[in-house]
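Okay, so subunit A shows up in both of these, paired with subunit B first and subunit C after.
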Partner chain A sequence: MITKPLVVVGGGPAGMAAAIEAGRAGLQCLLLDEAPAPGGQIYRAFPQDFRVEGPLGLGKDFVNGEALREQLKATAPAVETRSDVAVVNVSRGRELLWASGGATGSICAEQLILATGARDRAVPFPGWTLPGVLTAGGAQVMVKTYRVKPGSRALVAGTGPLLLVVANQLHQAGVEVAAVLEAGRPWISLSELPKLWGEWGLLRDAWTYWRGLQSAGIPLHFNHTVFEARGKDQVETVLYGPVDPVRWHPQKTAAQKVDVDLLVVGFGFVPNTELGYLAGCGHEYDDKVGGWIPIRDERMRTTVPGVYSVGDGAGVAGVLVAVEEGRIAGITAAEQAGLLSPIDAADRREPAEARLKSLQSVREVLDDISRIREGLLDLATPSTLVCRCEEVRLSAVQRAIDEGCKDLQSTKLFTRLGMGACQGRSCEPHLGAYLCQHLKRAPAAVGRINPQPPVRPVTFGTLAAAQETAEER
Partner chain B sequence: MAQDLRVPGLVARGRPVEILVGDRALTAFEGETVAVALLAAGIRHFRTSPVLGEPRGPYCGMGICFDCVLTIDGIPGVRACQTKVRPGMRVEIQAAHGRWEVEQR
Partner chain C sequence: MSRASNVVVVGGGAVGCAVAYYAAKRGLDVTLVDTPKRGRASSASAGGTWPLGESLGLGCGIIFYKTLMKRGGLAKDGIGPEQLPDCFLDFSMASNAMFPNLHSELKELGGVDFEFEETTLLFVMLDEADATFAKMLLEKFPRDKALLRWLEREELVREEPAVRKDNCGALQFLPDHQVNPYRFADSLRAAGRALGVRVVSHTEVTGIRVEGERVVAVEATDEVFPCEVVVNAAGAWAAEVGRMVGLKLPVHPVRGQIVCTETLPEILRACLSTSDCYIAQKGHGEIIVGSTTEEVGFDVRVTPEALRQLCAGAVRTLPFLKDVRVKRVWAGLRPGSPDELPILGPVAGLCGYYNACGHFRTGILNAPLTGKLITEMICGEPLSFDCQPFLFSRFDTEPALQPSRKLRERPSPISNRVGSVGYSGKRYDGFLDMSALVDGSERVSLQAGHTVVREGEEGDRFYVVAKGRVNVLKGEVKVVQLGPGEFFGEMALLEQRRRSATVVTDGPCELMVVERDKFDDLLAHHPEMASTILRVMASRLRAAISDR
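Right, the complex of A and B next:
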C-alpha cells in the first residue's frame, strides 16, 4: 500500500487551507476531493468546459474561491491535488479506500486531515418529496455553478442568512421570488451589535443581501415557515404561515397559500462525520453547530492520533472559521512531521488563532440564529415520508416507538428508515431529534444510524477489480 | 421552441452535446450534469419511487440524497447530479429501481 505523509480529504475552504499551510512548510501532501475541481460547496468552481466572461459579476465567493485555488496551485509539487476522487472508507485509523470512476485503491496516511464539509439539514413536511422542492445548497448549485433557473417562481423558506443569499441569487438569475420565510427572529438585534463590532465585512454582506431583497420588492417574513407543498407531479402550491417565536411550533390554522413551481428549503447544515466515525474518532452532540461533531482539541486533533478534523464537517461555523481551522491543522501536521519547530509552528498558528478568537462572538450570534427549534418536528403529519429513500412514513416511526424502540438503530431495523441509498444522511438528524423529544432521551442515548462503508456508491465490479489488482501485486 | 432555463451572460458554456432522454433529443453543454441538462429543459420528474410510485427529482443537488437517480446508458440508479453529460448519452426516466440493460460485469 502507498504511504503518504499527509492526506487531506475534502477540497473545500478548510481542506484547501490545510493543504496550503502543510505544503508551505514542505510537507508532502495529497489532497483528495470528490468534485471535479477544489472549492467545496461555497467556492464550487465552474465546470472546466465553461469559460468565465464576467468575473466581476460573479461576486465575492467566486473571487475568494479563485484566490484559494491559486494559493493551492502555488504549493505544488509539495501538494498534489486529485479531483473526482471519493474516499469511501477509513479503517484502522488512517487507511483510506478511495474510488474514482471505475477504479479504487488504498492509501495509508501517516497523518490525515478530514475536511468533509456539511450538508443541508433535511426537515420533513407534507409534500417535501415533490419535484420542485430543492435544498438551499442544491438551488445554489443550479443557479451559481451551472447558471440554470431551477424554476420560474420560488418561495424560499428555512432559517439563517443563507436564505437571503439564495433569494438574491435566484432573483438575479431571473427567477421570481414570491417571499423569503425565516423561521427565526430578525438576525441582528441592537443588543447583539457590540458582539459583531469590527466584523464589518460580515455586516456589510448582510446589509447588501437585505438591501437586494428590498430593492427587488421581495418580502421577508420572520417567524414564518413552510407547512406543506402540494401538486400532482411537481410543486404547484405551497402552504405557509407563522410559527411561535420561541419554539417555532407551526400555527397551521393560520396557513396561507402561494402558487410557486419552486420551493427552496434551507434549515441550516449538518456536519458530514461519516469518515471520522469510520476512522474511530470520538464524537459528541452539539445542536448549536449541527449535531454530532468530532471531539477535538484547540489544534483540531481528534481522539485518534494523527487524525484532524476541520471546517464545517467538524461543526458548522461557515467559511471564515473553516479556513482558519484548516490552517491550524496544516501547520500542526507539519510540526508533527518535524518540518516546523514548535516555535515556528506557534508563530504560524498565531494569526489563525487570533482570527478564530475574534470570530468567536460572531459565532455565538450565528449559532443562536441557526439552531433549529423543536417546533419544526410538528410539520410532518403521520402520513409524511420521513425517510425519502425507503419511503417510511412518520406513522411507522410512531408505531416503532409504541412497540418499544428506544433508539435510532432499533427504529431503523423496525422500519427500514436509513437503510436506503443515502444511508440515513437525510433522515438521521431529524429522526434523532424526533426520538429524543418523544422518548425524552438524550442524543447519546438515542444514538446514530451508524455509517457503513462504502460511504459513496461503488459497484461490486469495481471493488472486485481492485482486489484482483492487489492480489496480483 | 423547447424550454431553456439557462441564464445568459457571465459564463460561456462548453460545446453543445446531444443526449437522448427517452426518445426526446436534448441539447446540453459540455461540463453540465445530467440533472442540470434535464432541469434546464424543464424536466423535473426523474424517476418514480419504488414503493408508492410517486414522482421524484433532484432535492439536494450535491450527491447526498440519491433522489435524482435515473438510468443512464442502461445502468439504473445513477445520480444525475453527479454525472456529466456525454455525447450520445441515453437517459431513461426510471420506474422503481429500473432495469439493467447492459451486461453486468
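Right, the complex of A and C next:
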C-alpha cells in the first residue's frame, strides 16, 4: 500500500484551503475529489465543454471559486489533485479505499483531512417525491452549472439565506418565482445588528439578495412553509401556509393554494460524516449545525490522531467558515509533519482564527434562525413516503414504534427504511428527529443508521480488483 | 417490582423470540427482555436455512479445505472439511421441517410474514478440487441420498443461467431453504405478543438473582423481573449472562462479514455455496454474499480484505456481478461454541436456569426446535428430541474438570475443549528425525519452566517435541501435555495469527523448530507427514473456530 504524508478528501472550499496551506508549507499532499474538477458544491466548476466569456456575469461564487482553484494550482507539485475519485471506505483510522471509474486502490494517509461537505436535508411532506420538486442544491446545479431552466413558475420554500440566493438565480434564469417561504422569523432584528457589524460583507450580500427579490416583485413570507405538493405526473399545485413561530407547527387550516410547475425546497444541510465515522472518530449531536458532527478541538483535530475534519462536513456553517477551517487544518498538519515550527504555525493560523471568531456571531444568529424545528415533523401524513429508496411510508414507522422499536437501527430492520441505494443518508436526519420526538428519547439513544462502506456506489468488479490495483501503483 | 413471571427470556434474537413464542403457546407467562446490540446475529444473518449445507461443512468448512489443498500434500481422496455429528444433522432437519407450518401460523397470529422461501442450496463446483470434495460428500452422506441431487454442467447452466458456463456442475441439497432474517424474529415476537408475551425492549439485563440453588429474579437496568425460570438466549453475549449465575459458558463472538448488492430482478433460483463464499438472492432482490469466520471479539467493523475476497469470490461464480454495485457491507457476531453445536437445557446445581445459546451459524434454522424443546424442558414434559448431545455438561468430560460446588471458580470449558480436541496424541514418528529432512530446522535444548510460546503473541514457528515434555496452557489452566513426536505452533504457519495457547517446558526439553518458510518444503517432500499435520490442524482449527 502506498503511503502519503497528507490526504485531503473533498475538493470543496474547505478541502482546497487545507491543501493550499499544507502545500505552501511544503507538505506533500494528495487531494481526492469525486467531482470532475475541484470546487465542491458552491464553487462547482462548469462542465469542460462550456466556455466562459464574461466571468463577472457569473456571479461572485464563480469568481471566488476560480481564485481558490488558481491558488491550488500554484501549490503544485506539493499538492497533487486527483478528480473523479471517490473515497469509499476508511479503515483502521487512516487507510483509504478509493474508486475511480473501474479502478480502485488503497492509500495509507499519515495524516487525513476530511472535507466531505454537506447534503440537502430532506423533509418529507405529502407529494415531496413528485417530479418538479427539487432541493435548493439541485435547483442551483441546474441553473448555475448546467444553465438549464428547471421550470417556468416556481415556489421556493424552506429556511435560511440560501432561499434568497436560489430565488434570485431562478429569477435571473427566467423562471417566474411566485413566492419565497421562510419557515423562520425575519432574519435580522435591530438587536442583532451589532453582532453582525464585523461581517459587513455578509450583511451587504443579504441586502443585495433581498433587494433583488423586491425589485422583481417576489413576495417573501416569514413563518410560512410548504404543506403539500399535488399533481398527476408532476407538481401542479402547492399548498402552503403559516407555521407557529416557535416550533414551526403547520397551521393546516390556513392553507393556501398556488399553481406552479416547480417547487424548490431548502431546509438546510446535513453534514456528510460517513467517512469520519468509519475512521472511528467520535461524534456528537448538535441540531444547530445539522445533526451529527465529529468532535473536534480548535485546530480541527478529531478524536482519532492524525484525522482532521473541516468545513460543512464537520458542522454546517457555510463557505466562509469552511475556508478558514481548512486553512487551520492544513497549517496544523504541516506543523505536525515538522515542516512548520510551532511559532510559524501559530502565526499562519492567526488570521484564520480571527476570521472564524468574527464569523462566530453571525453563525449564532443564523443558526438560531434556521435551526430545524420539530413542527416540520407534522407535515408528513401516515401515507407520506419517508424513505423513497425503499418506499417506506410513515405508517410503517409508526407500526415499528408500536412494535417496540426505539432506535433507528431497529426501525430500519423492521421497515427496511434506509436499506436502499442512499443507505439512509436521505432519511436518517428526519426519521431520527421523528423517533426522538415520539419516543421522548435523546438523539444519542435513538442512534444512527450506522454508516457502512462503500460510502459511494462501487461495483463488485472494482472491489474484487482492489488488491492487484493497489500493488501495481 | 414487576408482576411475577413464570419465564424470563433474556435475548430477543431468533432463538429468544422462538423460546418466548413456544412457551407462550404452551400457556406460560413469558417476559422477553432484550437490548439491541450492534452485531446481533439474527439481523446480520443471511437468512439461509440450510440443514444439509451447514451439517456437511459447506461455507466456511469448504473454504478451509481449499486452503489445505493449495498448501499441497493433501491426497485427492483425503480428508474434507470436518462434518458436524449426525445428531446435529438430525436436529437441524427436525427444526427445518417446522418452518412451513410455523410460517403460516406466525403470519396468522402476529401479522408479520418472515418470507419463507422453499428453494435449494447448490454446492457449485468450479474446479476439480470442488468436484472431488462434492463426490466425497455424496458418497459419505449419512442419510437418504434422495435428499441430494447431482447436477452436471449442462443441468446447472439450465437451472442457474447466471452461473459461469465453465463450471463443473453442482451438488444440490433439496431440503435447504431461506427466510428473511430480519423478519424472522419480528414474526415470532409479534405472534408471541399476540399470545401474551410481555416484550421489554431496550432493557439491559444486569444480573440474575439466585437463592439457594434456585433462580428467583432477573435484574435489569430499571426493573426487576421475579421469575421461576430464566432462559439465556443472549446470542454472542450469552457468556455474560452465564456469568451472572457463575457459569462459564464457552460462547464467544465469531464475526462474519456480508456484502449486499443493489436490488436486482430475480436472477437466482437457489442459494449457492462455493469454496469462496455463499450467495443468496433475497425476497427484495438483493443478492447477499457471505461470509468470513473471524475471532475478533465484539468488533463489528468490516475489513477491506473481506470486502475484496467476498467480491472476488462472488464474481468468480456469477460473472455478471462484476458490473453490479455493492450497496452495503456489514458484519455480525455469531455465537460460537467450541464444537459448533448449540448449548441447550439446564445445568447441574442450578434450578430454573436454561441455556438456549451457542447456535453459531444456525440460530435461525435451529430456533424453532430450540424453542419447542426448551418449553418442554421447562414444563417437565418428555422431550420430542434427544438433547443429551447439546447439554452444557458435555464440556465436563475430562476428569480434571469435574464441576466443583462453587461454579464461579470453574475454569473455562472452552479452553479445555480447544486443548482436548487439538492436542490429543496425533503423533508422527517421522518428526523425530526431522532435522535431517528439512534443511534449516533447528534443534534446541531448553531448561524446565521455559516459556516457548506465549498466548496472544505473534509467532511464525512450528515446533516438534524431540525429548521431554511440554505443558499447553490456556490462561492459567493446563489443558494438555505433549511428548516426543507431538507438535505445536502449526496454526501460525497457516496464516498470521496470534498464539492461541502458552506452551511451557515441563522438564528439560529438546525441541525442533521449523521456520514458516521451510514448512512448505516439509509438506511438499513428505506427503504422509503433511497429511498428519493437516488432519490435526483441521480439527484444531475447527475446534478453535479460528480465522479462516
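By definition in this document, the second predicted complex is superposed on the first by the 466 of 473 C-alpha atoms of A that agree within 3 Å, B and C clash if a C-alpha of one lies under 4 Å from a C-alpha of the other, contacts with A are read in each partner's own complex, and residues count from 1 in each chain.
Here, contacts are C-beta pairs under 8 Å (C-beta built on N, C-alpha and C of every residue); 3 or more make two chains touch, one makes a residue touch a chain.
Just so we're clear, the structure is a prediction, and the values are computed from it rather than from any experiment.
Enquirer: Who does A:G266 touch here: subunit B (first), subunit C (second), both, or neither?
Expert: After superposition on chain A, A:G266 lies in contact with neither partner.
Enquirer: Which chain makes contact with more of the residues of subunit A, subunit B or else subunit C?
Expert: B
Enquirer: Using the superposition on chain A described above, determine whether A:E95 touches subunit B (first), subunit C (second), both, or neither.
Expert: After superposing on A, A:E95 lies in contact with subunit C but is clear of subunit B.
Enquirer: With the two structures laid over each other on chain A, which partner does A:N450 touch: subunit B (first), subunit C (second), both, or neither?
Expert: After superposing on A, A:N450 lies in contact with subunit C but is clear of subunit B.
Enquirer: Taking the superposition as given, does A:A421 touch the first partner, subunit B, the second, subunit C, both, or neither?
Expert: A:A421 contacts both subunit B and subunit C.
Enquirer: Could you tell me if A:P124 is touching subunit B, subunit C, both of them or neither one (first, second, both, neither)?
Expert: In the superposed model, A:P124 contacts neither subunit B nor subunit C.
Enquirer: For A:G461 in the superposed arrangement: first (subunit B), second (subunit C), both or neither?
Expert: Touch partners of A:G461: subunit B and subunit C.
Enquirer: For subunit A, give the residues common to its interface with subunit B and its interface with subunit C.
Expert: Of subunit A, residues 420-421, 457, 459, 461 contact subunit B in one complex and subunit C in the other.
Enquirer: Would you tell me which residues of subunit B are touching subunit A in their complex?
Expert: 5-7, 9-15, 29-33, 36, 39-40, 44-46, 49-52, 54-67, 69, 77, 79, 81, 84, 104-105
Enquirer: Tell me, which parts of subunit A touch subunit B in their complex?
Expert: For this pair, the touching residues of subunit A are 34, 36, 41, 46-54, 57-58, 119-120, 122, 129-135, 137-143, 146-150, 152, 173-174, 233-234, 388-391, 420-422, 425-426, 456-457, 459, 461.
Enquirer: Quick check on the complex: what are the subunit A residues that touch subunit C?
Expert: 89, 91, 95, 97, 106, 403-407, 409-410, 413-414, 416, 419-421, 423, 450, 452-454, 457-461, 463-464, 466-467
Enquirer: Taking the touch rule as given, give the residues of subunit C at its contact with subunit A in the complex, in rising order.
Expert: Interface residues on subunit C, with respect to subunit A: 36, 38, 43, 182, 186, 189-190, 199, 201-202, 259, 261-263, 284, 301-304, 307-308, 311-312, 314-315, 321-330.
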